[in-house]
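In structure tokens below, several structures.
The following pair of complexes shares a single chain, subunit A, combined with subunit B in the former and subunit C in the latter.
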Partner chain A sequence: MFRSLASLFIASCFLPVCAQETGTLRMLIDPGHDFSFIVDHKHRMQQREVKLSEGLHHFSIWAPERVIVDTTVFVIADRTTDLLLRLPFSADHLEYRKQLANYQTKKRWVRTVPIVAMAGGLVWSGISIGQYGKAKKALDKDRADYEINVDPGTLSTLKGSTIPAHNADLKKARTSLIGGLAFTAIGAGATYYLFRLTSKWDRPLFDDREKVRFDGMAWIPGAQGGILMAGLTIELSRP
Partner chain B sequence: MKHAHLLLILAVLCTTACKKDEIDLSSLTSNPFDAEYNGDPIFAMVDQETVEQTISGVVQQRLNVTVSVRSDLFPIATSYQVRAERGSTTQVFFLNAQDHDRFVVSVAGVSPGDVECWSLQLGNAGEFGGGNDVCGTAE
Partner chain C sequence: MKSNVLFLLACAAILGCRKHDVDIASLNTSRFDPDWVGPSFMRIDSIRTVPYASGALHRQQIHLHLDEELRNVQDYVIRVIEYTVPDTTIYPAVDPAQPTVVILNYLVQLGEEYCYDIDLRIGSGILLNHRLSPCAVAEL
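Then we have the complex of A and B:
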């Protein structure tokens, strides 16, 4: 009887020791950085490995832009267990990315179109300058021909058709050049205006509601300690 | 906006400057071979004489007018033609370096004091350009 009681006493002394045995859980989480988790609804942590007592543990895992994933893991004593998990993007983040893509596409188009117009105007002006130079060169040659020609028939043709045609080419090139420069000016003005306008557009902001929810799952004191605040509203007006 | 102003100024400058590059046809009148020549006279009378001549037993007076050509007005040295018109009579002279830019127009059957004029035109290759009138007076 005494021996049995002694054995039971000794065994009961060792029981708590056995319950304290720990295992290691290695967190292989996508994203591989910047994730946090709360163990057993109490302890918020941010590390890649955690030592826990043997048994079933609850985990709430979260990372910025991702949803909170709740899972349970059985930790085996003296063993390293891998928790392999991919945190899906939150619906809010997917919506934010969609809005951001739309915003960026719209902004890019609004900025690109006048730049393309301005570039087109410059190309147009460049081509017109080329045509103008060509027509001017032809007229200079006509003038030189007139000065040295001794054939009245050739002079008559020169004055009757060649020079008027080259004058018309020059006029056309000049009109085209003015058009090109005007188009370039309008493009430049539009570029300036639309750049200013689009710079004032509000970029979509990501409101990570999952983070708020995750922060609310466990209370941790900040660097300056922590306080809990509550508000009370008293209705003073008479009905 | 500054760039737009610059481009606008450039367009205005271009419009005004480019106008000068066109050829004003009305100003092209300096070539003596041009029918619209409007410079110094190309032809000038340098001598005139009235001679008596007998044709088929008939004695008549003939006015010979020597005309010089201002070849220094030509753009380049060249042989050329001169068309002389007097009434319905047309005469064409072919001149070259040996002619020393002189030729003689004449008219028969003149009386003393008669003033005879020729409309002269400078030409080349069968086409005629500028010219002026030259007159002589029979003695």
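Then we have the complex of A and C:
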């Protein structure tokens, strides 16, 4: 009798050990950081390796901007198994990226065009100033020639064709300069206005609905019996 | 306020550009300019009739005074047209130190009036407003 009881006691000590044999599951998930998973619809974890009892386990894996991937893994006792998985980007995130790219491209263009126009106006003004200076220098030389020259024929040519031509060059350069300055001023005004306008544009926000869904998949009990988890995204960066 | 000042400065700069034009109408300060409207380089001091060849013939002498500014040019010529014959004579530039050139007309009849056109030519052009047109009766 005693021997039977002793055998039963020894067997009862070993039985739970045999039933709880564990294996290790190594998570090789893309993205390599910041992913979470829920094992068997109950336990939410955030680690790269997990020890689990032998058998089939259900995993819900999620990372920010990615979709939740549900999969089952058979854990073998006393062995390390690798779970290699790439989490695809969520449709919401892809749409957000598209909207953000459109927003940035549109903003960049709206801001760049007047700057380019202003730069063009400055270059135009600079060229006009150069031409004006050249024409003025030519007229100054003509005036000096008039004072020192004693050949009536040369003076006639100077007054009849050379000076009128240089006067016309000066007038043309002046008109061009006024145009360039006006263009620059309009470009500067447009730049100021469009920078102010675009700074008020609303930047697209990413609402990670997959996170909300993932947070709702596990209920973690706390010291007072449990907590409710909810996801809230607050955009802190400036547009 | 600041932008208004900048705007006014820009306007002043643009308007200031206008003074760089050369007003051709007011360009008449050179005495060598064909459009010159001031006093001539030449001035007639006197016109005399003097006998020569022992008194058988007479000639007219026009004493022409030339300004120093002209004499310093040195490449001028004086063209004299006498209308009675008619006859054209070219007088080259004189010594700058000598202020007077004497124009001679060797064929004059006493009692007759002789008219002259005295032009000044420098380089490639004639100085129109320095032209003199004196007339004088040949008399002793």
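In this section, the second predicted complex is superposed on the first by the 206 of 239 C-alpha atoms of A that agree within 3 Å, B and C clash if a C-alpha of one lies under 4 Å from a C-alpha of the other, contacts with A are read in each partner's own complex, and residues count from 1 in each chain.
The working rule: contacts are C-beta pairs under 8 Å (C-beta built on N, C-alpha and C of every residue); 3 or more make two chains touch, one makes a residue touch a chain.
Remember, it's a predicted structure, so these values are computed and weren't measured experimentally.
With the C-alpha superposition on subunit A as described, subunit C and subunit B clash in the combined arrangement. Taking subunit A as the reference, the larger set of touched residues comes from B, when subunit B and subunit C are compared. When the two complexes are overlaid on their common chain A, residue A:98 makes contact with neither subunit B nor subunit C.
Of the two partner chains placed by the overlay, neither subunit B nor subunit C lies in contact with A:86. In the superposition on chain A, A:192 makes contact with subunit B only, not with subunit C. Contacts of A:181 after superposition: both subunit B and subunit C are touched.
Annotation: subunit A residues 132, 136, 139, 142-143, 146-147, 149-153, 155-156, 159, 163-164, 166-167, 170-171, 174, 177-178, 181 touch subunit B in one complex and subunit C in the other. Across the complex, subunit C is touched by residues 132, 136, 139, 142-143, 146-147, 149-156, 159, 163-164, 166-167, 170-171, 174, 177-178, 181 of subunit A.
Chain contact summary for the complex, subunit B toward subunit A: residues 1, 3-4, 7-8, 10-11, 14-15, 18, 21-23, 25, 28, 30-31, 33-36, 74-76, 78, 80, 122-129. Residues 10, 14, 17-18, 20-22, 24, 27, 29-30, 32-35, 73, 122-127 of subunit C touch subunit A in their complex.
The touching residues of subunit A, when paired with subunit B in their complex, are 132, 136, 139, 142-143, 146-153, 155-156, 159, 163-164, 166-167, 170-171, 174, 177-178, 181-182, 184-186, 188-189, 192.
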